[in-house]
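Next up: the structures, one after another.
Each of the next two complexes has chain A plus one more chain, namely chain B in the first and chain C in the second.
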Partner chain A sequence: MKIKTEQFVEVARREMADLNSRAFLQLLPPVIAAMRKAAMATFPDPDAATEYSRAIRAEVVARLPELLEEFEANAIARGVKVIWARDAEEANDFILNLALKRGIKYVTKGKSMVSEELGTNDVLIKNGIEAFETDLGEFIAQQLNRPPFHIVGPAVNVSVQEICDLFMEKAGMEEATTDPVELGYAARVYLRDKFHHLEMGITGVNMAVAETGSIINVENEGNIRLTKSSPRVQVSVMSLEKVVPTMRDAIHVLRLLCRNCTGQSISSYVSIDTGPKKDDEIDGPEELYIVIVDNGRSDLYGDVKAREALRCIRCGACLNHCPVYATIGGYPYGWAYSGPMGQVLNPLLLGLDRTQDLYRACTLCGACKEVCPSGIDHPSMFLYYRSKDVKGDSKLKGKKRDWKEVGIFKIFTLASTLPWLWNLGARLIRPFYNRNAKNGVVSHISGLFEGWFRKRDLPAMPAKTFHERWKDIEKRLS
Partner chain B sequence: MVRNARDEILGKLRAVHRADVPQRPEVPSLNETAFDREEMIAKFTEALFLQTGVVHRVKDNQEALDKLAEIAKEEKLEKVMASTDDVIAPLDLPSWGKENGIQILTAGDFKDRNSFKDAVFDEVNAGITGANFAVAESGTLGLIHDRDQARLISLAPILHIAIVPTERFVPIYESAIEKVFEDINAVPGQFTFITGPSMTADIQATIFRGMHGPRKLIVILTG
Partner chain C sequence: MKKVSLFIPCTVDIILPEIGEETTYLLERLGVSPIYHEKQTCCGQPAINAGYVDEAKKSAKHFIEVFGDDEVVVSPSGSCLHTAKYRYPELLSDEPVWLRRAEELSSRLFELSQYIVDVLGVEDVGASFEGTVTYHESCQILRGLGVSEQPKKLITAVNGAEFVPLNSADKCCGFGGEFANNYPDISEEMVKDKVQNYIASGADLLVLCEPGCLLNINGYLSRNHPEKKALHIATLLADTGREVRL
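Now for the complex of A and B:
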């Protein structure tokens, strides 16, 4: 997947002008937010349920290495082959070589954001192995060669006319239709054949349970169960932070995940794999590989603040409550992860320098933080990134601001600490500043400060500053 | 010396000073744990109904077979794949099938995976299974997959019929999980929670049932 995080503003402008996207964003996020609230209300104490889930995720981050070791030991004891990958190259090399060794012609993919992060599909396809996304939204996004619009519903904004044209061209649909149900059925027919003859399936992992060495997948469509059950070889890819301590913990987080994600109490299918199939079973994988992917996360672990990003369970609730996301949709975030969680994660994995606008495009309203079942404090993270960026932090790849901006803030800081300098400055600037005033308001200044005034107005400076007026009043009173 | 990926990743993580593990609050409780069996059945039925599942309640195995015959007629069933689990096996579906003009196939009829897949994907119009658990909290079935409960039977056909004795009701998921993972040496390769038919809302947020799995789920509760 091409990384377009540096085109954030350009893409946001384009999306804000897209009436289809806007109409959609006005409709869907509020509906899902309402469904989430209703689903959370099924708990006797929704706040306690959220707090407990947050505590589990906090513990996962604090105990990450020991939980991963426990998971690995238990998985191996059950017959799983555990593969560790430092980066995308190692992960993709393993998957590709396995597919080549087994003579695989194509794979089906269960929805896996980490595989988008790694660009696994591109590697397979370049080497002559087809990779079919089978989650309906991912399938559509893949065929249209578009990034995901929403982490849960990647193509939910795409018009039915576009999908109809697409399916007729690429999915063997014979009769034109714009009925979503008929389109869904056409996709079922097309992909069913792929599932039937599948020899190797690739999935993500929602949770990896340390206590038992099991992996858990959550879905509504059945494409993940099919990807796991039909072929002889199953590869499930997880980033480090997917681990949870116990089965009970996993079940609790499952309840929060489903409610926050789609407003369901539970998704249609939750499948828990502990090792490959037994010898006497007719379906299920003979070989089960779990690929544990680092891709920059272990480098973050020493930063006690940044690593809180590892709490995220990819539920998408933050997207549905974010006023920025609700205006621009998923495309501007430019990578596998969008919305507030993308703003938290992308800068850490790609560098603060390549994601300059992502952690700045936030009003710090905190709606995301309020609903997050993992307890991530998004606004605090963004302030942290901004400060690290401005300081040019080498570990996080901060860029520093340009010399003019740095200079102006140095002058501002100095003047703020020296009242005589402040007052002198105000008197000197006033005539130049007020030249731009119309009806007592400055709404535009061309040149150096043009950008700042693009969305902000300031009053004109009065003929006398408060200090000057006070001096006069004191004189008159004495 | 080149470290392998595992040691390098774990090494970096372990090199960081281990922070104190934050104290957890108390585990929040759930209402369903106080339900008696009839309350569990009511909650299950209501929840599954909201997911468009159909729930029938019958007295015993004979009534279950009668109900099955009704369903077979309505759904125009011709060829069916059935589990041989401990709920389905005693029903002797092959005999029932002969009486009702329906061909019953089981995983044991197939010599290998590929021929089994051909049948379960292309030839049958329903899958009939038992279930190990019926979880009240969300109208959820719990299936342990093994030789007698192949995974694809409850997944590939367009219709899934599940027969569940009411003794198998539990209030919450944890009750099922406890039993499934009781003996770590006897844990199934796959355990599945099924709640309603397969579905998606990925096209314009319009709900569609039967995306890749069954379009319809019918549950027959016995006892």
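Now for the complex of A and C:
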């Protein structure tokens, strides 16, 4: 996938003008948020359940290296081949070479955010191996060559007419229809055929259980189960933070994941796979590979603040509660991960320099932090990224700000520590600022602050600040 | 008479000083004696939010020097108070002496409505307003300080006022300090949404506890719906009958 994080403002503007996107944004996030709320209420104590999963995710981050080793040992003991990939290239090379060695013509894919991060599809396709997304939304997004609009509904903003045209052209649908059920059926027929002859499947991983070496996938369509169980060769790709200590922990996080993601107590399908098919078993892949992807994560592990991002379980609850996401949708974030989740992850994986708007286009309202079942404090993460960017931190690829902004904050800060200068400043600014005032209202100032005034006014500065009024107030009080 | 120290944030000091005056009169009417340290300046929130932590530390230390010994500090702004209460300890975490001072001060900081209801135990402050009133839950007041019931109790107790609910009251109005200026496209949509919900509520008045949101919402109303107004809770409760500027 082409990384477009630097086009945030431009894409956001375009999306705000797109009526289809706007209509879905007004509908989808509030509906999922309401479903989440109802599902959370089925816990005897929703707050305690959330705190427990936050504690599990905190433990995962704190013990990540040893948990991964434990997972690897247990997976190998069950016959899994574990591959460590330092970056996208290593992961994709492994998958491609495996496919080439086994003479694979095409693969099916279960919905996997990490494969979007790696750009696995592009690499396979470029080398003559077709890759079919099998999640209905991902399938549509892939055919349209668009990034996911929403983590749960990757193509929810695409109109049925557009899907109809697409399926007629690319998915062998013969009769035009805009009936969603018919469209779903057409995709099903098309994809089912792929499963019948499937030789290799690629899926993501929702959780990897260190204690047992098992991998868990959560879905509602059954296509991941088919992708995992029908081919001879199965590859599961996971970013390294997907590990959890025990099966009990996994089951608890699963409860939170489903409720926070789609407002379900449990998703329609949950597959727990421990090793490939054994000699006395009928089903399952003969070869099971688990690719553990680092892609820059372990480099950040020494940074105890930054690594908090690794708590994320990709439930998407933050998207559904983010007022900025609800205004602009998923495309402006420009990569695999969108919404607050993407604003936390993308800057670490791509660098602060290329993701400027991601950690700045936020009002710090804290709605994401409030719902997060992993205990991520998103606003505090953004403040951290901003501070590292201001400092030009080399590890996180901070860019430094322009001299005008730096100058303003230096002067502002100096004044904040010298009350006489502060009050003098207020007196000096007043005539300049009020120069633009009409009937006590300022409607335009050009330069640094003109963004505010496009559709908003500000009051003129009164003749006296509170500070200058205090002596009089004090007299009246006593 | 109980003494409380006033923390008047810069937006109030420079642009909306009436809110400071109303806060003062309100507290006095409730039997509290307000004091004002003339050495107070800005809490450093804009610097923290923009990532200038070294600069913000200086502002924070100045703030702690000015307010450090006060028994109770009250402010008519939730976000500035939130900065001093919760961001200072984060900011000063690697300076043990300052960290201790920040933490000690933290427990003595109160948002205005929180102080009146939780500390003074008062809900009816003796104000009157004839009409329907709704309330916007500012982010740092609701999610930052956990204050939500207090202002609603105060509004409900106003003589003649009828409280009506606001759809998506807890959704951000799109202010976010520098956000409003740096991302005007997105911010304008958010404030428009807030204003549409206000109009749809049918309320005569939108009340809130945060000067930032007040400037944002009133700034948009002034340009697009000049007949409607948002009001700081201090203005409603002080009941001085002043016309709201803008």
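Please note the rule applied: the second predicted complex is superposed on the first by the 427 of 478 C-alpha atoms of A that agree within 3 Å, B and C clash if a C-alpha of one lies under 4 Å from a C-alpha of the other, contacts with A are read in each partner's own complex, and residues count from 1 in each chain.
By our rule, a contact is a pair of C-beta atoms (placed from the backbone, for glycine too) under 8 Å apart; a residue touches a chain by one contact, two chains touch by 3 or more.
Since the model is a prediction, treat every value here as computed from it, not as a measurement.
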item: Per-residue touch tally on chain A - higher for chain B or for chain C; value: B
item: Which of chain B and chain C A:Pro462 touches, first, second, both or neither; value: second
item: Chain B versus chain C as contact partner of A:Tyr52, first or second or both or neither; value: first
item: Partner chain(s) touched by A:Gly366 [first = chain B, second = chain C, both, neither]; value: second
item: Contacts of A:Met16 with chain B and chain C, given as first, second, both or neither; value: second
item: Chain B versus chain C as contact partner of A:Arg102, first or second or both or neither; value: neither
item: Contacts of A:Asn220 with chain B and chain C, given as first, second, both or neither; value: first
item: Chain A positions touched by chain B in one structure and by chain C in the second; value: none
item: Footprint of chain A on chain B - complex, ascending; value: 4-6, 8-10, 12-16, 18-31, 47, 51, 107, 110, 112-113, 116-118, 121-122, 137-138, 140, 145-147, 150-152, 155-156, 173-174, 177, 181, 184, 187-206, 208, 210-214
item: Chain A residues within the chain C interface of the complex; value: 9, 12-13, 16, 323-324, 327-328, 357, 360-367, 369-370, 380, 383, 385-390, 401, 405, 409-410, 412-413, 415-417, 419, 422, 426, 429, 440-441, 443, 448-449, 451-452, 454-462, 464-467, 469-470, 473-474, 477
item: Residue numbers on chain C that touch chain A, as the complex places them; value: 8, 12-18, 20-21, 24, 28, 33-34, 36, 38-42, 44, 46-53, 55-56, 58-59, 61-62, 90, 139-140, 143-144, 170-172, 174-177, 179-191, 193, 215-216, 218-220, 222-224, 245-246
item: Of chain A, residues touching chain B in the complex; value: 27-28, 31, 43-45, 48-49, 51-52, 55-56, 58-59, 62-65, 68-69, 72, 74, 78, 84-86, 90, 134-137, 140, 153-156, 158-160, 163, 180-181, 183-185, 187-188, 191-192, 195-197, 212, 214, 220-223, 225-226, 228-230, 232, 240, 247-248, 251-252, 254, 262, 265-278, 280-284, 292, 294, 298-299, 301-302, 304
